[in-house]
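A, B, C, D and E label the chains in the order they appear, each numbered from 1.
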Amino acid sequence: MDILSIIWIIVMPFIGSLVGLTYMGIGRKIIARVQHRYGPPIFQNVVDVIKLYSKRSAITHGVMFHLAPNIAITGTISTLMFVPVLVGENAISLFSFQGDLILILYIMVFGCLAMALGAGQSGNPNSAIGVSRGLTQMFGYEIPFVIALVTLMVQNETTSVQNIIAAQDSFMHWNIFQSPFAFVAAMFAFLGMMGNKPFDVPFAPAEIASGPPSEFGGKYLALMQTNRGMFAFVKLVLYVDLFLGGATNFAILLVKTFAFYLIPLFVGIVNPRFRTEQAMTFFWKWPTAIGLAGFLLVLL
Amino acid sequence: MYLDPVLMIALPLFAAFLIPPLARISKGLVKYVPVLIIGFNLYETVMLLPHSMVKPVIVIIAAWAPPLGINLTIGPLGNVLALIISLVGFVVAVYNIRFVEEEPNEKYHMLFLLLTAGATGMVLTGDIFNLFVFLEITSISSYALTAFLRDRDGAEAAFKYLLIGSMASTFILLGIALIYATTGTLNMAQIAVRLKDVDPRIAIMALILLITGFGIEAEMFPLNGWAPDAYSQAPTPIGAAFGGIVVKAGVYALARLIYTIFSFQGIFHFILIAGIITLLIAEMSAIRQKQLKRMLAFSSIGQMGLVLIALGLATTRGVEGGLFQMFNHAMIKPLLFLSAGYLVFYSGSKNIEDMDGMGRVKPLLSFFFAFGAFAILGLPPLSGFWSKFIILSETISHGFIAVATLALFGSIIEAVYYLRVVGRLYFKAPHDGAKVQYVPKSALVAMSILALITLVTGLYPDLVMTYLKPAAAELIDKSIYIKAVLSAGL
Amino acid sequence: MIYYVAAISLILIGIYAVLVKKNMIKIVLGLTLIDSGVNILLVSLGYVKDKTAPIFSNPTLTAGDMVDPVPQALVLTAIVIGVAVTALALSIVIRIYDHHKTLNINKIRELKW
Amino acid sequence: METIPFILSILFGAAVLAYLVGKFNYILKVGVSIVGLIWAGWLFLGLQGTLSSFTFKMLGFDIIWRINPLSWLFGMIIFGLAILTAIFSGSYMKGKERVDFYCFAMCITVASMFGIVVSGDLLSFFFFWEIMTWSSFLMVIYYRYEAQAAGLRYFVMSMIGAYAMLTALLIVYAQLGSFLFDVLSAGWSGFSLTLQIWLFVLFVIGFAVKAAMMPLHTWAPDAYTISPAPFTALFSGALSKMGIYGLALLFFVFGAGKLASSVITIQGVSLPGYILAWFGAITALLATFKAIVQDDAKKLLAYSSIGQLGYIILGFSLSSSMGVTAGLYQAVNHSIFKGMLFLAVGAVFYRTGTRKLSEMGGLITRMPYTFFVVLLGIITVAGMPPLSGFTGKWLIYEALIEKHLIFLAVVAFGASTAAFLYLYRIIFTIFLGQRPKRFDEVKEVPWMMRAPMLILALLTVYLGFYPYQLLDLINQAQVYMGIAPFDLSHSMLFNSYGNVSTITVMNIVAVVFFIVFILFNTLYKRSRKVGLKDIHTSGEVPGEEINLHYAVDFYQPFARGVSIFLKRSVSKIYASLADNLEGLFDVMRYVYTGNGQTYALFVVIALAFLFLVKDFLV
Amino acid sequence: MRKAIAVLFLGFIGYYLLSTFLLVPFGVVRVLEGVGLKYLQDGLQQTGAANLVTSIVVNYRGFDTLGEVTVLFLAATGMGALLYSKRPTERARQNASVIVKTGARILFPLIIILGAYVFIHGHLTPGGGFQGGAIIASGFLLMFMSYRTYHVNHVILSRVESSAGSVFVIIGLLGLAYGSSFLANILPLGTANTLFSAGVIPLIYVAVGFKVGAELTALLDTMLQTVK
C-alpha cells in the first residue's frame, strides 16, 4: 500500500463531509429560490458545523448517547472506505478491493443503528418515534433498492463494486442504460434514503421536533452533521459507481453526484409528506413493480 | 426348580375355597393370600421359562394323555402370557392390600384370586372346552368384581358386561360344538390337525363364532361396548386387572385360534382392519371422555387395537411386536389405573376436571400417572416405544402404510388426551377441598414395580424380547405346538 | 334335524329377547333361553340314531350301542355355567333395581361419558 | 470404555443424580448437572477428528453411534451452549421451585441431542429424537400454570413431525432392511422417483417441525416464550438445530441431494430443494414481520429465531457448496447470538420480573453488561459487520446470487432488513428511553449469569474478526458430506463473485472508532450528565405522570402497513382444524350409546357381517 | 325400529347358522377317531365307572369339573358380594298354606335323601354331584317357600362349601402326590357297576354334591334375604 493511498484514506472522510455539507447548502439555497426566498449562504452548513465543533460544553444523557455520534461516524467512514471514489488512472479505491457490495449494504446501516441507539437513550419520546418511523420507512425503500442491486449483481455476475464499475467501460454500458428498470427502482429508493420530502416523516421538524437528533447539541450535533454530510456523499458516490460507471476524476465525480443529489431535492420541493405506512407501502407498489420488471428482463 | 405347573391353577382354587373359613379366623390375613398365591404363580412362571422356551412343557391331568384327557400346554407363548398375568396379578394383589376396604372384602380377594387363576388357566390349557370354562371363570369373577362396589354405576356396567359376555360364551360354545361335531376332539392340537379335512364351510363358521366370542374379551370393535363401562366402574385394581389380565387372555385365545387351530389366511386381514378401526374409534372416543378411568378404558381398547394390527400381520416380527405390546400394555395400563385409582380417591371425583393440581397434592402419584402416560405414548426410553416401533415397522414393511398412518394419527390423539390430563395434574391450581391423605406403601410398591419394569424394558428391550421370540415362533409355526402336544400322548 | 332347527330357534328367540325386551328380567330370561338352545344343540350333536345312553348298566351293552358321551358331559358343564351366570345376572338386576327403581333397560344408560 | 456410550451415560447419570440429590441441596444438584455437562463436553472435545464409533445390536437392529466432522460440529454447538446455559441457570434458577426437575430435564435434553448427533442409524436417531421431544416438553411446561396449552401444542406438533419421520424411516427399513445411514445413502438412488419424493417430504416434515419452518412453526413462539429462560437459549440455540442437522443428513448423507439429478432443476437447484428454499425464505420474511409486532421480549426473539432458521433452511436447500457453508455457519452463529439474546432477556426477566417490552425501559444504567450483550447480539442478528453475523449473511447472499436466484435473494434481503426493526425495538424498549420508577433499584445480574452471556458476546466479536477457523471446521463437515469445501486460501470471504476481508473491516472499524473516540474525548471537556427527564419538551416540565417512553405499539404504522400478512395466521387454521376434529370425535363417540342392548346389537351385527363376508375370510 | 333391525339380523344369523349345521349330519357317527368313541370303548376299563358321562366329567375331564365347581362357587361368592348388606332386610314373605307347609316338611328329608342318592350313585346311574346338589337345593327351596322364617345357617353353608371344594382339590393334589398327575385316580378301580368302584370318582362326586347343594342353597337364601 503506497503512501498516496494512505493519504487518500485519511483525507477522504474530510472531503466527503465537506462535499456533502456543501451539497446540502446548495440544496437549501435551491429550495429557498423555488419558494421565492433568498436562502442561506451555500456554505452555511459547513459554517454551522464548525461553530458546533467549537462549542466547549455539551450535555449528555448517558453512555449510548455519548457514543452514538462516535459510532455513527465510524460506520460512515467505514462505509466510505469500501466505496471506490475514483476509478481509472487516478483511482482512489481505498479498501474497496477488500469488500464488496453486500458489505457496503450492511455496513451502511451500522451508523444508522448507532444514531438510533443514541436517540433512544436521549429519553425524548420524539426521538423514539422518529426512529420507529425511520426504520419502518427504511424497510419500505430497502425493497426496491435491494431489487435493483440484486439485478445489477446478477446481471454482472459479480458482487464487487469494482467489477461493476469495470463492466461499465463505455457510456452506453452504463447501468443506467443497461438496466433502466433497476435504475428507476433504485432512484425511488434513493428518494427514501435521502430523507427529503415526501419521505421525511422520521424527522418531521414541525411534528416531532426533527425526531432522532432532537436532544443532541454541541459537539454531538457537530459530529452528527458531519456524519450526515459524509453519508450523503457516500451514497451519492455509490450510486454514481453503480449506475453511471464511476468517475475518473473529481470534476466528473462532482458533476455526477450533484446530478443525483438534485433528483430527491426537486421531488421534495413539489411534494407533501407521506405518512409512515404510506411511505412504506408506496415503495412496495410502483418502485417494486418496476424493479421486478427489471428482474424479468434479466431472467429473459 | 419348578413344581408341577398344574399348581398354578389348583392352588389358587384351593386357596379361594379356603378363604371363607380363613376369613372367620382373621380378616386381616385374607388379603395376603392372593399376594402369596399369585406370588407363587409368578415364581412358577419364571422358573418354567427356561424349560418352556426349549420345548413346550406338557402337563397331563388325571393321568390321561391328550387327546383323551385335558392337558396344560405350557409353550413359550403360554408361559409368557402366564408370566404377564401373574405379574400383573401380583402387583394388583399387593395394591389390593390396602385399597379395598369395602365389605365383604374377603370375597373381593377371593374373586380376584379366581380371576387371575381363570386367566392363567386360559393361557395354559390345551383343551378348547377347558379354555371356555376358564374363560367363564374369568368373566364371571369379572362381572361380580365390576359390580363389587354395589353402587349405581357399577351395577349398570356389570349388567352390560354380563349381557355381552353371555353372548360371547354362547357363540364360543356354538363354535366349540361345531368343531367337536366335525373333528370329534377337543384338544386344540388335534383339532388343528383334523380341521384340514373338515369342510371349510363349516370350519370358517366355527372360526367366526369363536372369533366373535373371544373378540368380545379382546375388546375388538364393535364388540367392546362393555369395556369402557366395566373398566371405569369396577374398583380401580380391577380396571387394572381387566387391562392387564382379562384382555390379555382374550387376545391369547384369539391368537391361538387364528394361528394354531385354524389356518385361514383371509382372517388375518380382517383382524388387521378390525384392529385399526378399534384403535381409531377408541382413541376418538377417549379424547372426549370426562371421566379419568373411562378415558383410560378407551385408551386400553385403542392399545388392544394396536395388538390386533400386529396379530393381523401374521409375520414373525409382527407377532413379536404384538406380544411385546401386550407385555408393555400389561405393565403400563395397570400403572395408570392404579395411580388413577388413588387420584380419583383423593380428588373425590371420577371426573378429569376435578383432578386439578393433584400434582401438587400428590406428587408421587401424579408422577406415576405421568410416567405411565409417557410410556403408553411410546416415548423412549420407556418400553412402549419399542413395541409400537416394531409393530409399525412391520406394518409398513408389508405395505400397509395407510394403516400405519392411521395408527400414528391415533397415537397423536392419544398424546393429546393423556397430556391434557397430565397438564391438569400439574398446572391447575388444586381444589380447596382436596383431601390430603397418605398413599399406602403397598400401593406405592405396586406402582414402583410396574414403573421399574417399564423403564428397564425400555432401556433393554432384548430382556423381554428373548422370550417373546420363541413365543412368536410358536404362533407362526404351529407344528411346534402340535408336535409337542401330540407326542406327549404317545 | 328338527333338533337343530329348534335349538337354533331357541337361541335366536333368546337373542331377540336380549336385544329388544325392555325389562331386564326378561333379558335375563332371554339369556337362559340362549343357554337352553345351545345345550340342546350340543346334545343333539352327540345323538346317534337308535343308540342308548352311555351307561354300562348291564353287561350286554357295548360301546357300539351308545351315543357320544362327550357332548353330554359338556352340556353338564354348560348348564352349571348358565346357572351361575343367571344367578349373578339376577343379583345384578336386584342391585340395579335398588338404585334405579326401574327394570327398564332404556332408563339405565347413565354411562355414556 | 468406549467414549460415546460413556458420554451418554455421564449425561443420563448426571440427570438422574441431579434429580435424586436435588431433594437435599441446591448447590449439589446444579453442581452435578454442570459438572456432568462439562465433563461430557470435555470428553467430546477430544473426539474431534477421530472417527470413533460404537456398534451393537438391539432387538436385532444394527445400531451404530459414531462421530464425524458434521456431528462434531453440531455436538460442539450443543455442549457449548448447554454448559453456558447450565452455568447461567445455576444462578437463574436459585430459589425457584423444582430445580431438581429442571436439572433433570436439562441434562436429558442435552443427552438426547448428543445422542441424535452421534447416531449413525435411523433407529437410534429417532429414539433420541423422541427423548428430546419429551424432555424439552417437560421444560416447556416447567411453569405450571401458564404453560399447558403451549406445551400441548408443542408436543402435538412434534409428534406429527416425529411420526412423519417415523413413517419415512420405516419405509426405508422396509425397502433396505437396515436403519444404517450408510446403507441408506447407498440405497437411496435405487428408490423409485415417487418413493424418493415421498421420503423427502416426510423427512422434511419431521425435521421442519423442530426447525420451526412455516407453516409448521406454530408451536415455537409460545413454547419458547413459556420455557425457562436459560432453557429457551438452549431450545432455540441447540435444539432447533437438530432439525437443521436432520436436513443436513437428509440432503447430503441420506442422499436426497441425489434427487437433484433425476428431477427438474431450477437454476441449478433441484425442484424439491427449490421449493424448500422458498419455504425457508418465506419463513424468514413472515416470521420477521410477526416478530416486529410482538410485545413480549421472548416471543419476539422466538419469531426472530424462526426467521433465522428459515435462512438456514434456505442455505441448505440450495445444496451448493456456498449454500451449505452458509447454512452451517449460520447454524453455529445463530446458536451463539440467539443463545446470548435469550440469556440476556432472561437476565432482564430475572431482575424485573417482566418480559413485556412496553413495561420496561432505561435499564442501560442498571444493567450495563446485559445491555452490552444485547447490543452485540442485535448487531450480530442484523448481520452488520464487523461482528460474526455478517459472514453468515454474506455467505447466504453470495450463494443466492451465484445461483441467480433473484427472487429468493430479494426476499432474504427484505427479511434481513425488516429484522432491524424488531432488533431496535428490543434494545430500545428494554434498555433505552425512560426508566419506569419501579425499576430504579434493579441491579445487574450476578456474575454467574453475566459470564456465560459475555463469553458468547466475545465469541461473536472473535468470529466477526476471524471466522476462518470455524469455516475450516465447516469445511471438514462439508468434505464429509461430499460437498466442495469453501475456498479459504485467501484468508478472507472469497468466491468468484466478490470478497470481503473481515479482518480489514474489523480493523477499520476499530481504528476509526478509537481515533474518533480519543479525539472526541480529549479535545473536549467532559460532558455534563443530565437526567432523562431533562429533555426538550418545548419548555414544559414533564411530571411523573406523563409518559415519555414510547414503547407501546412501537411499530403501529408498520403493523398497519403489513396487516395483510399479519391478519392470517396458520395457528388459527390449525385451531379450527383441531376444533373440527374434536367435533368429529364427538360424533364418533356416540357409537358408545350407553345402552347395553345396543352393544349387544353391535355384537349381532358384527356376527352377521362376518357371516356375510365369510368367503373372504377363508 | 330396533325390533326390525334385530329381526333382520337375527334372521340373517339364523339362516347362516342353520345352513351350517345342516352340513353336519344328524344322528350318525361322524368322526371315527373321535375321543367320544375312544371313551366308549375304553372308558369302562380305564375308569371303572359304569356311567361314562360321569367318568368323563369327573375323570377324563375332571379339570373342567373343577372349573365348573369354581364357577358355581364364584356365582355364590359374587352374589354374596353383590347382595351383601350390613343389615339384611327381609322381604315380606307370606307363609304358605298349612297343606304346603306340612307337605314340605314331609317331603324335605325325602328330597334330601334323593339328592344324596343321586350324587352317591353318580358313577353308576344317570345323575351325579351336580344333579344331586340341585335336588338338595330344591328341597331347601321348598322350605324357603313354605316357611316365612326358614333360614339356613350361612356359616355352616359356607363351611360345607369350602370343605367340599377343598376336598376336591385335595383329592386332585393327592393324585399329584401319589399318582402321576393332578386328579389322577389313585384308588383301586374296583368292579364296575358296584357302589365302591371307579376309584376317586364317587368321592369327588360326593364332594361336588355337597358343594353344589350348599352353594345353590346359599344362592337362594342370599336372594331372599336382601330383597327389600
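Just a few scattered comments:
Please note the rule applied: contacts are C-beta pairs under 8 Å (C-beta built on N, C-alpha and C of every residue); 3 or more make two chains touch, one makes a residue touch a chain.
As the structure is a computational prediction, the values presented were derived from the model and not from experiment.
Looking at the partners of chain A and chain C together, the chains they share are D. Among the remaining chains, those touching chain B and also chain C are D, E. Across the two candidate interfaces, D-E and B-E, the one carrying more C-beta contacts is B-E. The chain with its Cα centroid farthest from the Cα centroid of chain D is E.
In this assembly, the chain whose C-alpha centre lies farthest from chain B is A. Legend note: the chain whose CA centroid lies nearest the centroid of all displayed protein CA atoms is D. If each chain is reduced to the centroid of its CA atoms, chain B and chain E end up 30 Å from each other. Centroids built from CA atoms put chain E at 15 Å from chain C.
For the pair chain B and chain D, the distance between mean C-alpha positions equals 44 Å.
Rounded to whole angstrom, the centroid-to-centroid distance between chain A and chain D, based on C-alpha atoms, equals 36 Å.
In chain E, the residues that reach two or more other chains under the touch definition are 2, 6, 10, 13, 16-17, 21, 24, 34-37, 39, 61, 64, 67-68, 71, 74-75, 78-79, 82.
The set of chain A residues that touch two or more partner chains is empty.
The set of chain B residues that touch two or more partner chains comprises 129, 133, 136, 140, 143-144, 147, 150, 155-156, 159-160, 163, 167, 174, 181, 186, 205, 228-229. The complete set of chain-chain contacts reads A-D, B-C, B-D, B-E, C-D, C-E, D-E.
Here chain C touches chain E in the complex through residues 1, 3-5, 8-9, 11-12, 15-16, 19-20, 41, 44-49, 53-57, 63-64, 66, 68-73, 76-77, 79-81, 83-85, 87-88, 90-92, 94-95, 98, going by the rule given at the top.
Against chain E, the residues of chain D that register as touching in their complex are 597, 601, 604-605, 607-608, 611-612, 614. Chain B makes touch with chain D in their complex at residues 156, 159-160, 163-164, 167-168, 171, 200, 204-205, 207-209, 211-212, 215-216, 222-223, 225-226, 228-229, 264-267, 269-270, 281, 284-285, 287-288, 359, 374, 378-381, 385-386, 389-390, 392-393, 396-399, 401, 404-405, 408, 411-413, 415-416, 419-420, 423-424, 426-429, 461-462, 465. Per the touch definition, chain C reaches chain B in the complex via residues 11, 15, 18, 24, 27, 31, 34-35, 38, 41-42, 45, 70-71, 74, 77-78, 81, 84-85, 88-89, 92-93, 95-96, 98-100, 108-111, 113.
Contact residues of chain E toward chain D in the complex are 2, 5-6, 9-10, 12-13, 16.
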